[in-house]
Amino acid sequence: MMNDTPEMVKKVFAIFVVGILIVGFFMAFTQMPKANAVNVNNTVSRFYVMKDVDQATEMLDKGTYFNKDMVPLRNDVPYTPITFGKSANLEDGAANVVTSIVVDYRGFDTLGEVTVLFLAASGVMLVLHGQKRKIPKKRTEPSEIMYVGTRIAFAVILLFGIYVFIHGHLTPGGGFPGGAIIASGILGLFLGKQGYSPNKSGLTIFESLSGMAYVVIGIIGLIGEKSFLANFLPTGTIGDLFSAGFIALIYIAIGMKVGSELSAVTNAMIIDTEDD
Amino acid sequence: MKTYNFAALLVGVPLLMAFSIPLFGFISKQLAKWITVLTLTFEFLFSLYILLWHVYPFNVIMGNWVPPFGENLYIGSLATILIVVISFVGLMISIYNLWSAKYGDVVHFALLFLMFVGGSIGLISTGDIFNVFIFMEITGISSYALAAYGPERRALGGAFKYLVISSIGSTLYLFGVLLIYTQLGTLNIAEIAARISQTTPGLLTFAGILLVAGLAVEAELFPFNGWVPDTYTGAINPVSATLSGIGSVGGVYVLIRIVMTVFGKNGNFVSTYGNLDLMTLIAILGTATVVIGELSALVQTNIKKMLAYSSMAQMGLVAMAFSIGSRLGAYAGIFQLINHSIAKAMLFLILGVIVSFGGERVEDMKGLWYKSPFLAVTFTIGALSLLGLPLFGGFWSKFALVDASFQRGGWYDFIMAIVLFASVVEAFYYLKVVGYIFTSKPAVSEKIKVEISPAIPIAAFAILIIAIGIFPQIVSGISYSAAHELTDKMSGYVLNVIPTIVGH
Amino acid sequence: MITLFSTLLVILIIAGGFVAIFSKKLLSSVISMGLVSLGVSGLFFFLQAPDVAITEAAIGAGLSTAIFIIAIKKVQKGGTSDDE
Amino acid sequence: MIDFLQNWIYLTGAMALVGIGLYIVLTNTNILRIIVGLNIVDSGTNLFIVTIAWHPKSVMPIYTATNNLVVDGHVVAADPLPQSLVLTAIVIGLGTTALALAIAVKIYQKYGTLDVRKIKEEDK
Amino acid sequence: MSSLLALLLVPVTGSIVAAIIQRYRLAERLVSFSTFVVTLLFLIDIRVGDAFTWSLGFLGKNIEMGLQITPLSIFMLYMTIAFGVLLTFFDLTERSKMKSFLLLLTLAASNWIFMATDFLSFFFAWELMGWASILAIFGGRRTAESRHGALYYAMMSIGGSYSMLIGIFLLSNLTGSFSIQQNVSYLVSIMTVHPWWVLGIVSMFFVAFMVKSGIFPFHTWVPYTYGESPDGFVPYLSSVMSKYGIYGFLIFLPLTLSLRNVPGVLGLPWPNYTLVWFGSITAVVGSVLAFMQDDVKKLFAYSSFSNLGFILAAIALFTPIGLTAGLFHAFNHLLFNGAIFITVVAVISKVGITRMSEMGGLWQKMPLTFLTFFVGIASAAGIPPFAGFGSKWMIFQAMISHGLIFATVLLFFASIASFLYLMRAFHAIFLGQLSHKYDNVKEISAIGKITEVFLIGALIFFGIFPGFILDPINSIVGSFGLKPLPTSGYEYINGFFSSVNMVSIFIVVIVAFIFGFLLFAVSAKHKKVPQEDNYTAGQIPKDWNLTPEMYQFSYDFYEPMDKEIAPFLKIKIDGFFKGFGDSVEYLGSSIKEIFTGNVQIYTYLAIGGLVIFVIAGWIVW
């Protein structure tokens, strides 16, 4: 139908359609709250930042959280101030609020997110599955310096990645960027040696075990704390490395999983296959 | 608020098993498929337990953070019946896969299939509007990969089309969710549903349109369903069965949950907030889908494509039934959804067996009765159920649909006339195939030998269709209470999740 | 100051987007996409979202682009030109 | 006033990316370019989400020794919830991109072309 | 009460058994026959007024469903079941390619239709019957034509049922009940207030009934289906199933009683008047189309629906005599149509073809069949003393008593035309010279002969003593609140103007027959010659491009007449439906073009759809 439409018409039409859509979006934005942004004190995030969900839950159980017009009285929830390095045994111990949301308050989302990445990796392997094709020799093999250099760089990058996901609850970062950093380190290894390929079954085992570890942590919460993905470890003092309960555990699992997954994906993309 | 946190295993167990399947794959490829069967058996039995012992409705609280602060699963009557259906269909298809999936990376195929079913179960049970997005992506990504699987190259084209449209759809959905978040500051479906009237009407209209447009991709409604024919045709048959029997159920469920529970008002005839009545929008989309789907299916010579278009049309019918807005209409929609899920999955599975012995053109169905009476009879049962014949499951839903539209009256009389006309068209092309099956002599008289693993699911589906046709009480009771959940959102949904939402 | 800087960054990403539209070569299109991602990750820093910024930089700008380039190299092995 | 404008600037950037991405999807026939377009749309969406979580006076949502998130019982941090959603969205975007690229590579192997107009089959 | 259920359960059980053992043909036929007999035995136990109800919990509502016996339903039940007994008995030995389990399923459905007290079970049974018959036709000759025929019938049938479904729900939403009696009495109560409303709803039902009975303009499926369905099924289809429509009409016709005081046409309420015209036109169209047919099954298919036109025209009057005449003709039609089709089936099964012009002279080989056929067509043509004369006579009386001159003329024309085509079939099949290829044709088996003798007997018996059938009809007429016609002995037919003594007519006819036979006996003997024996004056027939079947004297029998009518026949209703189907298909193939397989188009569709919604949203806003 539109296969033989002139390019120009197509472009003008596309501009027209996209333009109307964008104008529509902007007209919607004019209706947004002041300064086009949400006031944190009017959202549920207020409790995440104040680590105050337990108090809010109490009010909810008493029936004083909502007024009779079903408007939540978020600013009425009593607040205990939090001081960095001093407050201990909070309901959630992570200094990085985003991390506390990602892993703890909305941990189920993250489990799903990990699954999505896992499925994408599996999908890539399913789609690109086939016999490994013999790679014709490149004329120039990378030099020895390159080979050794990438190896050393990989060690450094690996350490950095591990640092990022272990400190996920304190500093920006966490399992996902940490894993991605490790994967880019492995990507570097491909440059170092012609025909390099990481141990595929090792990656698979890593990936599976870390994923199972995540779910098992969730199930431990279900058994110990009567709720799936509930924190079953003490939360410690906010700001300490060993704080925030199971967040570090989960981020380690996520980091390893994402790292091995993305490595497997790059590996699958790089290796040439042909149908078996 | 009744909580039953142990039901988190409904989502947890498939995840755990999916993560472990690659390890089992090292041992044996067949073992990976058996793990799928076992896991889905667990899912089916668990959901059957919830249904038969009347455990529902209950909440599952994640991480001890109660809604609306944390995430939750809400398993009411609607979720229960749909989970039972989905896990049953999934179980049956996984049994079929023992025989059918034999090329390429079987381990990852089994894994993706398991997560597709698991993701659909999560999609249906979740009570958080962003979590819906996550589960949509889980089902989405696994279905792109599943659709790309297979020995033929057309699978890749279909999968890619699905991916592009679906990505755009989920982006739109994300925009819609965030626009609502700017207004209400929460992501919990129950709280949003209760407080939807506290938003700015214009923004709400826009957000509603974005949500509907995003979800209509999965629900196969007209201008967003371009991917349907190519993807269904390209994928191998059990995958088409999965997409049609499970994927579209999840898609329609979310669409209806958003439109009726989140945007709906209380009362018998649900109308919606915002200035553009979303129910009207759904009605228009549904009717257009029915007409376009049926008319396109009419002229197909490729039977798989015909089933694909017919799937699309059935989804339109379901959407149209829900858009009536009454309890009876919702009941008709749920019932039709279940019937379609079972019957269409069965038809695709049968086609899979036939295709392994020959082509997939309509002419290739000629004389199926002589080649394999079992396949011929079951195919006829499925087709007649889709047509809504007495004695088959589809009759009761179509019956309720007509009843509901006439109770609503007004312009629904007119819509009903169009839909019935489309049904006549549908009858035409299905009967044409049934005629070929029974009346022609086959070109080659080679018998089709149906092995035990494809035969079990096909026979089970056929028996179920007949059982529902004769004893509609199997489904009708719970469907009717599920319809209550949709049309009376406060007592049916919101108060079950957040009992104290009407405070002091 | 930050306002000025972020405005420049916004202009940069829009320009990057236009490069992605109009560049004849696929590779430059992809690289400008990476630049857009990098710019967006910079904007995330200004928007007080360091977590997101790091993730976007590592995943969106880094790994995504890398996989893209691998894919492009693969499809160019057949000897056809990069476009069409 | 300048703060107000600033928000609009970010929104403009986000919407421009969405528009550019959609335009690329709509006008290009090369599969890889379509994926580029989808990626840019994703970036724009993410920018939009982070923007609405932000207020000109907000600080980053991480407790440090110097960074105080709550002043006078009012949260002054940027809204962390949308940020965590964006984290998810980015990862999902990567997954989709990787899968799309894998499919594209396979399509190229099987069809010998990346032109979407040529990737269709006559009915068997 | 239990007998009522038995009327449903016995055929269903029989059907299941027959389906299981269908590989053993004789056993299957025996099951089929004995099921009919058992059903008939149960029926004998049943009296008017028996009822059985149950309630169905459906979505919180309690729906009362039930079975009930009215005079009309018991009349219909006897007719259908007894005919079925005859047919299955005949089928015991004949090669009629019938699927017994479908026939038995149809029987169950038909019993249910006649006993249903609510529209739900009525609709359910109606659908069941329709589908069983469609499947039977599908399984018929297994040719492209048979498939086409079944598909055509299925489409019309589905259209009809959807229309009826709409009607049922429109009605039940008004009254809150599915009960036929309540709904009809509700319609009666609003008939004078909102006549158009009632007409709208009722015509929804009428479409379904007209489709099932093949009333003009929904007659187009008839030849396809009758012509192509399995031979054994045709007698049942044409004799019994066409009566369901009549039964349906009779449910709603009492409505018009309340219109009697409203001025109409010629003292008739206008709905009745309209239906009379539909009936008359059907009769004429059927007769005229029957001229053109060379296929014997199709010819009698047209004949059959022409007769239904007669029946409809008569009952549509809804006066005592009209109703009596219509029901009487329905009964007679059952008999003579059965006789005709059974003989046709016998001939076809022996000869193997359906083209009349290739038959001829078969009376020498199948004398009893010939005699049955003769009696059958004589009845169909309304020749005294056979059954058929009385009812036609009454129909004309009924029509004329209302001064419906034009309709009467039409019916009269149809009657004469039917005489012509019946004569033609008679000649073409049985008279004339016998072709050599039929030298080995034998008379049908003993069981077939018994059936034929029975039919001849019945046709003559009910011809002479119509009172036996008029008695139950009178009670039906009474049950509708009309005053039955006076009765005066079994041999009398009381018309509107006069009455006829059938016995005296019989005697007259016998005398005339003896006279004719004497004339035949004393006149010169004919010499039998083979078919090809022509006087060609030295020329070889090949020179005239003669093919063997052209020797058959009935070849192009009515050619001059065909030429005269041909222009009128070009206006084909069939063409309308076909054209409609074609345009739907064309629409489909153009809509299909949306899905080109190009993902960009799909993206355009999605984004474009979204943009349209956004614009719409803003306009509303």
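Going by the order they are written in, the chains are A, B, C, D and E; count residues from 1 in each one.
Everything that follows uses one rule, which is that contacts are C-beta pairs under 8 Å (C-beta built on N, C-alpha and C of every residue); 3 or more make two chains touch, one makes a residue touch a chain.
What you are looking at is a predicted structure, and each value in this text was computed from that prediction instead of being measured.
Asker: Can you tell me the least number of steps between chain B and chain C, where a step is a move to a chain it touches?
Answerer: 2
Asker: Which chain is most central here if centres come from C-alpha coordinates alone?
Answerer: B
Asker: Does D-E or A-D have more contacting C-beta pairs?
Answerer: Of the two interfaces, D-E and A-D, more C-beta pairs touch across A-D.
Asker: Averaging over Cα atoms per chain, report the distance between chain C and chain E in Å.
Answerer: Averaging C-alpha atoms per chain gives centres 76 Å apart.
Asker: With chain centres taken as the means of their Cα atoms, state the distance from chain A to chain B in Å.
Answerer: Each chain's C-alpha centroid was found; their separation is 29 Å.
Asker: So the centre of each chain is just the mean of its C-alpha atoms; given that, what is the distance between chain C and chain D in Å?
Answerer: Computed value for the inter-centroid distance: 11 Å.
Asker: Scan chain A for residues touching two or more other chains and write them down.
Answerer: 3, 17-18, 21, 24-25, 27, 32, 37-38, 43-45, 96, 98, 106, 109, 113, 116, 119-120, 123-124, 127, 172, 174, 176, 180, 262, 265, 269
Asker: Which parts of chain E, given as residue numbers and ranges, touch two or more other chains?
Answerer: Residues 594, 596-601, 603-604, 607-608, 610, 614 of chain E each touch two or more of the other chains.
Asker: What positions in chain B touch 2 or more of the other chains?
Answerer: Touching at least two other chains: 130, 134, 137, 141, 144-145, 148, 156-157, 160, 164, 168, 175, 181-182, 187, 202, 206, 230, 300.
Asker: Name the touching chain pairs, please: which are they?
Answerer: Listed in label order, the chain pairs in contact are A-B, A-C, A-D, A-E, B-D, B-E, C-D, D-E.
Asker: In their shared complex, at which residues does chain C touch chain D?
Answerer: Touching chain D: residues 3, 6-7, 10, 13-14, 17-18, 20-21, 26, 29-30, 33, 36-37, 40, 43-44, 47-52, 55-56, 59-60, 63-64, 67-68, 71-72, 74-75, 78, 80, 83-84 of chain C.
Asker: Once bound in the complex, which stretches of chain D touch chain A?
Answerer: The contact residues of chain D facing chain A are 3-4, 7-8, 11, 15-16, 18-19, 22-23, 26-27, 51-56, 58, 60-65, 67, 69-70, 73-85, 87-88, 90-92, 94-96, 98-99, 101-103, 105-106, 117.
Asker: What does chain B use to touch chain A in their complex?
Answerer: Residue list for chain B touching chain A: 5-6, 8-9, 12, 15-16, 18-23, 26, 60-66, 68-71, 104-105, 108-109, 111-112, 115, 119, 122, 128, 130-131, 134-135, 137-138, 141-142, 144-145, 148-149, 156, 175, 179, 181-183, 185-188, 191, 194-195, 198, 200, 202-203, 206-207, 498, 500-504.
Asker: Give every residue of chain A touching chain E within the complex, in rising order.
Answerer: For this pair, the touching residues of chain A are 1-3, 13, 17-18, 20-21, 24, 27.
Asker: In their shared complex, at which residues does chain E touch chain D?
Answerer: By the definition above, chain E touches chain D via 596-600, 603-604, 607.
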